[in-house]
Amino acid sequence: MALAGQSQPNAARKILIPGDRIPLVPDAAHQSKEGPLKVRVGPGLQQEQGDLVAVKAGVLKQAGGSKYWMDGSQKRYVPAASDPVLGTVTARQGESFRVDIGSAHPAALSILAFEGATRRNRPNLDVGSLVYCRLSVANKDMEPELECVDPATGKAGGYGELKGGFVVKCSLRMARGYVNACSPWNRRLVLITLNYSLLNPKNPIVTILAESISFELAVGLNGRVWINAKSCAEVIAVAKVIQACDGAAASDINKLINHELRRLEDAMDTS
Amino acid sequence: MAPAAAAAAPTPAGNGTSVSAMAVDGDVAAAASQGFSLDPDTFQKIHPAEFHRRFLSQGVRADGRPLQKFRKAKISLGPVSTANGSAMVRLGDTTIICGVKAEVAEPKPAAPRSGFIVPNLDLPPLCSPNYRPGPPSELAQTVSEYMDQVIKSCDLVNPETLCIEPGHAVWVLYVDIVCLNHGGNVVDAAMIALAAALKHTRLPQATYYETESTVRVTDTFTIPLSVKRTLVPVTFGVFDAAVVIADPTAEEEAHLSTTLTYVLDAENGEAAYGVLKSGGSAVPRDMLVACWDDARKRAVDVVAALAEAEQAGNRRPDVAAV
Amino acid sequence: MSARIRSDQRKLPSEMRPFYCSSALLSRSDGSVRFKSGDSSVLCSVFGPMEVKIRDEKLDKATVEVVFKAAAGNSTTKERLYERVIRETLEASILTALHPRSAIRITLQVLTDDGGILSTALNAATLALVDAGIALRSLPAGVTCMIDQEGVLLLDPTILELEAARSTHMFVFDNISDGALSNISTGSFSMDEYTSCYDTCFSAVAAVQQLFRSSVEGKVRREHGPEADA
């Protein structure tokens, strides 16, 4: 399958607004021999009588010939399974914690969803603690559920309570860290890049900053970023860069980072 | 199956009932072949939208009416003897009572000769399980507001005829419309009641005494309020964005994709005083025009009912039907 | 009839006032837009999907809440009617089934009112929903017109012009269906006048839709850089 001919105005368009139709026509190159053609529809698109219809504004993306989704930006987080998120514990309820992850409904974090946790050996989290966790259940009709273990290994894998540091908010697109290479079907890839280098290593913000400052970063796909560094000045510098680059044009990012780094150097000199 | 089908169509209208029984029977037969059966009442409860869809696909409605048939407007004038004017309107199960109360008030400085008409629709909890006690519901407030806008913009009553003494005293007419039973299409019933009650209103003779700056009212001599036009509201419902039904019932209203209300002038069939279509599915231009044409026919019937009610005697609570 | 001078700078009865919008003005809301049409200006803020009050909770879809604040004075039943029309119009476009048991809150604040405030507010709300990333089936856009005492149809009238209106008409159309989503008409008018208002508003909405597209495209280009068109 491929986008229909150029005669259709929407077919040539990359930036779509809600209501735009993308007619799909069989493409000889992708015509599968095995049977019916399959198109996988991702976020921001809906299928309607054989056409795809945009329901959100953004750029139409395509991967692997038959996967389509919309890349747009928004501030409000809608839970999706296996997303890493940063949340604040708001209450303790018997066997679970209530965690605010910025979505419409608070999420539940079971006391058993920690590395090595048993009924005897409970994790001790206070109200107000910051936790880095993964969404194990995300369904529009159910309360979201969190876990602080990697289900494949049973190990914490970087999840758990985060102590010290500072949390800033950013747009969801920023949090996804310019993951151009990763389609929404490669959640694992997103997860790996986010877990081990904590943002896509190709992300210019992280790479440029890391040359001058050493810092820790935990990125929640719910638009929250935790930053920790040796000094407060460095934490503030990283936080300000992240907020300044949010929604900024890609060409301006270098300028913004350098501006903030110069300010940091000035602050260090006077102290 | 016959008794159950009749229960689904409480006003058996010969033709309509047999078709509706067929529609429901077909479903029951299909269900029975799979080992269980469903009577129409249960089917309506668990799948109300589908219940109506099956009726409409056969060109008939759950209460036995054809799609374009309106319910008879039963109007009686003067049921409230203590009000300056009153009317009771019934559209099927919908029952609305309207009273006009005239009070003396000071005019606004900007318009020293203009009186006021204040329509207010009340949907109390007694009329439907959908309304709770407390402040008026959004529907009640918005319908009152729309009626007010229509009355003002079409110049139903010249506000200067409500003047007692310029700059000092004018009449303010509180038009209180109370829904007693919500059987659907409250907007039509409320506006018919408003139009009928205003036509029936008589104002007492009032004299302003400059020296005491008071108004004295004599009830022994009353003057009829001069109402310039006869407003007739006509509402249609649209089901599944395609099927137009006239005068929807409360059960139908819950499953409509949109509603369409025209306010027409009954005496001058060419003129309209309002159209209200708030959200829901899109209504194409030709559907808007076609409904307008149907609304004109309805307006003639409502005016006939009003005339009959007037003939039946001004202050006698008599019921006149179309 | 040539070069009929309107109450403002416009020359033609079928001329709209210049309109534009700016988005993401408020840092705390999920989406915000200011929509200006001549001297009418409305600021809209959208939150959602967010937590819903228990009594408003719907098990199968999101609850859409609309609050309309006039430029001055207490809110009256007029604002209630505006809220209802805007809510019922947007409810049909928002894919509410995607977010059951949650709320989408739309707050509209009139900054200046110079006629056609309901259509201006609706346009602001539509764009704010796009800015907030709420899934929409279509983009509803509103236009107001009036017919004056001489029977001349004036598009997008000012408050001064509305004072001399025999009838006023507000129509809402979207970018996917060929019918009216909403319509409020008051005054006294014939069917021919009504249909010509419908036709005039229908063609005028195309310009508003064009603004919707160009403003959204501008925002996406800013965020994505050159790769947006690649």
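Which chain is which? They are A, B and C, in the order written, and residues in each are numbered from 1.
Throughout what follows, contacts are C-beta pairs under 8 Å (C-beta built on N, C-alpha and C of every residue); 3 or more make two chains touch, one makes a residue touch a chain.
Values in this document were obtained by computation on a predicted structure and should not be read as measured data.
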| item | value |
| --- | --- |
| Farthest chain relative to chain A (centres taken as mean CA coordinates) | B |
| Innermost chain, taking as reference the mean of every protein Cα atom displayed | C |
| CA centroid of chain B to CA centroid of chain C, Å | 29 |
| Whole-Å separation of chain centres (CA-atom averages), chain A against chain C | 33 |
| Between chain B and chain A, distance of the C-alpha-averaged centres to the nearest whole Å | 53 |
| Where chain C touches two or more other chains, by residue | 174 |
| Contacts with two or more other chains, residues of chain B listed in rising order | none |
| Junction residues of chain A, two or more chains touched | none |
| Contact footprint of chain C on chain B as seen in their complex | 138-139, 141-142, 144-146, 148-150, 153-155, 258, 265, 270-285, 287-289, 292 |
| Residues of chain A defined as touching chain C within the complex | 14-15, 17-19, 44, 46, 53, 55-59, 71-76, 78, 103-105, 140-141, 172-173, 180, 247, 249-251 |
| Footprint of chain B on chain C - complex, ascending | 76-78, 80-81, 83-85, 87-92, 165, 167-169, 173-174, 177-191, 194-195, 198-199, 202 |
| In the complex with chain A, residue positions of chain C that touch it | 24, 30-31, 47-52, 93, 95, 98-103, 130, 132-139, 174-176, 212-213, 216-217, 219-230 |
